[in-house]
Amino acid sequence: MQKYLSIKQEAYEANMQLPALGLVLFTFGNVSVVDRNEAVFAIKPSGVPYADLSPDKMVIVDYEGKVVEGNLRPSSDTKTHGVLYQHWEKIGSVVHTHSTYATSWAQSGLDIPIFGTTHADHNTMDIPCAPPMSDEMIQGDYEYQTGFQIMDCFKQRGLSYEEMEMILVGNHAPFTWGKNAAKAVYNSGVLEQVAKMALFTLQINHEAPRLKDALIKKHYERKHGSSAYYGQ
Amino acid sequence: MQKYLSIKQEAYEANMQLPALGLVLFTFGNVSVVDRNEAVFAIKPSGVPYADLSPDKMVIVDYEGKVVEGNLRPSSDTKTHGVLYQHWEKIGSVVHTHSTYATSWAQSGLDIPIFGTTHADHNTMDIPCAPPMSDEMIQGDYEYQTGFQIMDCFKQRGLSYEEMEMILVGNHAPFTWGKNAAKAVYNSGVLEQVAKMALFTLQINHEAPRLKDALIKKHYERKHGSSAYYGQ
Amino acid sequence: MQKYLSIKQEAYEANMQLPALGLVLFTFGNVSVVDRNEAVFAIKPSGVPYADLSPDKMVIVDYEGKVVEGNLRPSSDTKTHGVLYQHWEKIGSVVHTHSTYATSWAQSGLDIPIFGTTHADHNTMDIPCAPPMSDEMIQGDYEYQTGFQIMDCFKQRGLSYEEMEMILVGNHAPFTWGKNAAKAVYNSGVLEQVAKMALFTLQINHEAPRLKDALIKKHYERKHGSSAYYGQ
Amino acid sequence: MQKYLSIKQEAYEANMQLPALGLVLFTFGNVSVVDRNEAVFAIKPSGVPYADLSPDKMVIVDYEGKVVEGNLRPSSDTKTHGVLYQHWEKIGSVVHTHSTYATSWAQSGLDIPIFGTTHADHNTMDIPCAPPMSDEMIQGDYEYQTGFQIMDCFKQRGLSYEEMEMILVGNHAPFTWGKNAAKAVYNSGVLEQVAKMALFTLQINHEAPRLKDALIKKHYERKHGSSAYYGQ
């Protein structure tokens, strides 16, 4: 249908950014873009190589993951995206990848410590790693529950999804989001770079200290404050 | 001969995927494709750079490694491929590389632990590292014995070559296989990525736990169960 | 204005070298070029992707960071560049990146030890890592103070900015400079490579010794001495 | 002169392989090719970027490093190449790079242990790291003495330059050689890959054992024996 053209185009272009940024191998990633008026989102079809994608191959699904338009099967992670759209009303796009360094941190089960200003320019605290799900959640509707695992982690830590636009799911991989697909993909790229540098920082100095509070606060204001001016 | 055109073309295209995926330096890798009706397989010629390959340069050999068609010498690993085709009747293609991270694990002599869902989406247990061969095996028909070393490892551990389509040969390098060349090459790419992330995971957290059983089971069913739906 | 064409062109070309050399992700870096006669410098506009840059988008500012020409906002690091131009009269260009390995060293808070001749061909001592700024400096005019933090580190250690053309700012990232933009960008590339090899060197041998004095002296003379002949 | 056309062309093409193989940053490397009849060799000019090279820019020098033909200054490492040609009569080409991993091993001061068959296919023992030169050698004719440092290391260890075609010079970087430029450059690529995998192997398993003797012997015969058949 014509009315979904815009989100299909945006989702297509954003999905194509993942291999361009070196964030995916084969089909290990997906981007979705929501249309809040229609309460649907466009998402990558399952198992289709990036080289074979086109805007018309994007699948339109509702927040429950039910296909509204499209002949292909939607990404197997679709229900996780749907839960996030349903509960976090201000996000416009969700990205899931298995990017090398962010996934290694997720596999390690540890938050990514805030070691420098590259991190602080985007987030003013450690990047959270949600614990693995309970056996009950896993044996249930797995991808659906993954969405709740993400939201539960944010609730327990008192995090705002508008401030912290990324998470590691323990033993699994990262998810990021944003107001639109460009921002959500950008966040995946930032997360991968921050994850890589955090590992190297620890390798150089096991006792590397977290960023001092004054610097965290400054970088937060530089970007988000009333007189924000960050951009490089 | 015309009758081998199909496997020569498939072997050629699969061999060309190895440098495209960053899995080989110089000529350090080879792919073969079997024709079960003719009981022969097509394999990369020995020492020919990838840039100089063409379908007609693929060598046709029988399961003993005897050349059936072709003017070039077959890969020095040909007998290992042959043993696998002879004994594992359902595989259609074998890949051998010296890809950086998988080979480093092989050199370390350790299995690759299952640390996350990237691994679990493809294998539900650690990726095995076969021990180095006995001196007798090495001094005998070395490449032929390498095939038996692989099969012995699978037998001793009770592994199925249809479930686990990859192995590390200790002090040497990885082998992967699959129903066709596309799947066998895909497996080499997955193995390299899993090997890379397993190293980084250990560097971040020396005590990183293996994936919990419920998650392993879920990912297995997601992909292989009666209602499989995995694909991303 | 026509009179700034030359530095805008030079700044544009140097900025485009940063992604070509793999030193930046997204917009995480900037190069400026000074015109000593006019007491202004050309610098990358803030937040503009490299692919969208052109010479006419470079912003002309004075040493205080005040815009003299251009419709775009100058880089958020502009005041740091300005302080260095104002106080170090012989430098013609400044580069700031968040390149992966140099930034990891900056985050670790440690100087980069002189481990080999690659380092010694360019610097005859460890590459300094300035400590993080005091809370007072951070809460003040942050980017302006970053310039003084750099100069203070050089003063306290008795370093000459004409000899040592690079520094790590603790918890932040590197700055380099040079007589012109080509040299300043070259220095950023050298720093990243030296930072990378220093990490790997320590991983191979935690006790790797610093370069012996006679070798440091030789490499210094080879390049800077009265009969310099270095170049490869 | 026309009579040097052949070695200038060969040296040019081999030098261009260094950036293509990712072995050099900027101008950090050089290849030379010898003409045994004329007792001269062609070598990269000093400080000229690879993108600006052409066959006619190669410099022709004698074994003492004296320029025989060419307007440009020869590489600053020329005398090291000359010493090797003078004393090792069967080599046709010498390569020097500061490739990342091999240089990191050189900076660590350690031999590269033989951990696997990738190594054994090319060398049947650890890759030697020559100790740093004495202060007297450094203060003398430095690049000339570097050649003797290499040869002294081979003499002390009883190594043959026809068997082991590579060395690390402690605190400095690798040198490789071969019967012609293609082989010498190939050796630099092999060395970098072996160096990289040796580091990763140690990171996975600090106690990784050296390759067993039977396997070393087999790989040696596979390649060099009377019935050699290696090539992949």
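By written order: A, B, C and D. Residues from 1 in each chain.
Please note the rule applied: a residue touches a chain if its C-beta (ideal position, glycine included) is under 8 Å from a C-beta of that chain, and two chains touch if they have at least 3 such contacts.
Per UniProt, the chains are A, B, C, D = L-ribulose-5-phosphate 4-epimerase.
Since this is a predicted model, take the numbers as computed values, not measurements.
Between chain B and chain C, the least number of touching-chain steps is 2. Seen from the Cα centre of chain C, the chain whose own Cα centre is farthest off is B.
Note: Cα superposition of chain A onto chain C, rotation of 90 degrees, nearest 5. Averaging C-alpha coordinates per chain places the centre of chain C 33 Å away from that of chain D. Centroids built from CA atoms put chain D at 46 Å from chain A. Across the assembly, chain D contributes 203 as residues in contact with two or more other chains.
All chain pairs that touch, listed by label, are A-B, A-C, B-D, C-D.
Put simply, chain B touches chain A in their complex at residues 115-118, 186, 189-190, 193, 196-198, 200-201, 203-205, 208-209, 211-212, 214-215, 218, 222, 229-232. On the chain A side of its complex with chain B, the touching residues are 25-30, 44, 46-47, 73, 75-77, 98, 100-101, 103-110, 132-133, 135, 138-139, 142, 171-173, 199, 202-203.
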